[in-house]
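Residue numbering begins at 1 within each chain, and the chains themselves are lettered A, B, C and D in the order written.
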Amino acid sequence: MKALAEIQVIPIGVGVTVRDQVRRARQILVDSGFKIEEHAYGTNVEGEMAAILDAVKRIHETLHADGVVRLSTAIKIGTRTDKDSTLESKRL
Amino acid sequence: MKALAEIQVIPIGVGVTVRDQVRRARQILVDSGFKIEEHAYGTNVEGEMAAILDAVKRIHETLHADGVVRLSTAIKIGTRTDKDSTLESKRL
Amino acid sequence: MKALAEIQVIPIGVGVTVRDQVRRARQILVDSGFKIEEHAYGTNVEGEMAAILDAVKRIHETLHADGVVRLSTAIKIGTRTDKDSTLESKRL
Amino acid sequence: MKALAEIQVIPIGVGVTVRDQVRRARQILVDSGFKIEEHAYGTNVEGEMAAILDAVKRIHETLHADGVVRLSTAIKIGTRTDKDSTLESKRL
């Protein structure tokens, strides 16, 4: 099932600056082969729903392995049956 | 990996009232055996991260099979390595 | 205009534990006189839309004055014209 | 107090397609003079926190006046005291 998602990873307890951890999370999304749209409040992703959710799990596993103690991730994910969803088509 | 999550399913295109679809989504979470905390803006869930994310996928599959054309789900999911997270312990 | 909202305040840079800051934020909501429903992923609030949004601003001002350097708040807010919304009526 | 926000307006009960209402909401943000970054899951905004939250209220008022019965809006809003936040600087 094709999905569009927004993923925002918030590392908690690494300090005021979270840029390195957020970059690492984004790289996992890029390496997963999804179509990507980056913006100031997260990364938008186009791909299979199961693969997107699995990538979120791998982000948590990877960042925890890197020493991040606490992670809070906000995901918005949408699916529809009437037409193909693409990041491009969601442009107003 | 243990996680705490909040899941809010928004069916789009079924009308102003979305109660039946939201009930069906919640039932899938209950039937999955998670510890559950219901509230006005979603359902909080305690369980394995992979199982929680898989349940979200099954909610989309089930509601689409029921005829809902479009779904937008907001998920907040948190994990931590320093201690066990429970819905109970997150109480202030 | 009456609204129902969920407010989740995430202090960034205060350490892994954010309980004190989250308690302070919640107290501002309680002191504002809203009907409140607390849960593991935020505080649900019933009140006037303008008053709720103003309380969020006061939470940021107060926590910054307390020394919190960075705050990220997630708000869900809903309004409807067909009937009165209450936290109670949103129960499934 | 300067803030960065993401605003996602979800009209409920207008049908599967919500493009017209979302465009109208975005126009209110543009007309308010904020710096704007559009993406598939909302509109990112740079401006004064009070002005941003007031714009969200005006979006609800305007869309309800247009006949939208129910609105659910998701807002992420961030402030920090250590440096000026801009949409540009939040780029990874």
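Heads up, the rule we're going with is that contacts are C-beta pairs under 8 Å (C-beta built on N, C-alpha and C of every residue); 3 or more make two chains touch, one makes a residue touch a chain.
Model, not experiment: these values are computed from the prediction.
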Ask   = So which one's got more C-beta contacts, A-C or B-C?
value = B-C
Ask   = At what distance in angstrom does the C-alpha mean of chain B lie from that of chain A?
value = 18
Ask   = Whole-Å distance, chain A centre to chain C centre, using C-alpha means?
value = 25
Key: Distance from chain C to chain B - Cα centre to Cα centre, in angstrom   = 21
Remark   = Going by residue number, chain B touches two or more other chains at 16, 69-70, 72, 74, 76, 80, 82
Message = Using the definition of touching given at the top, classify the network of chains in this structure as line, ring, star, complete or other.
response = complete
Task = Can you check the complex and tell me which residues of chain A touch chain C?
result = 10, 12-13, 15-18, 69-70, 72, 74
Request  = Note which residues of chain D are touching chain C in the complex, please.
outcome  = 1, 3, 49-50, 53-54, 56-57, 60-61, 64, 69-82
Ask   = So in the complex, which bits of chain A are touching chain D?
value = 4, 6, 8, 16, 19, 22-23, 26, 37-42, 44, 74, 76, 80, 82, 87, 90-92
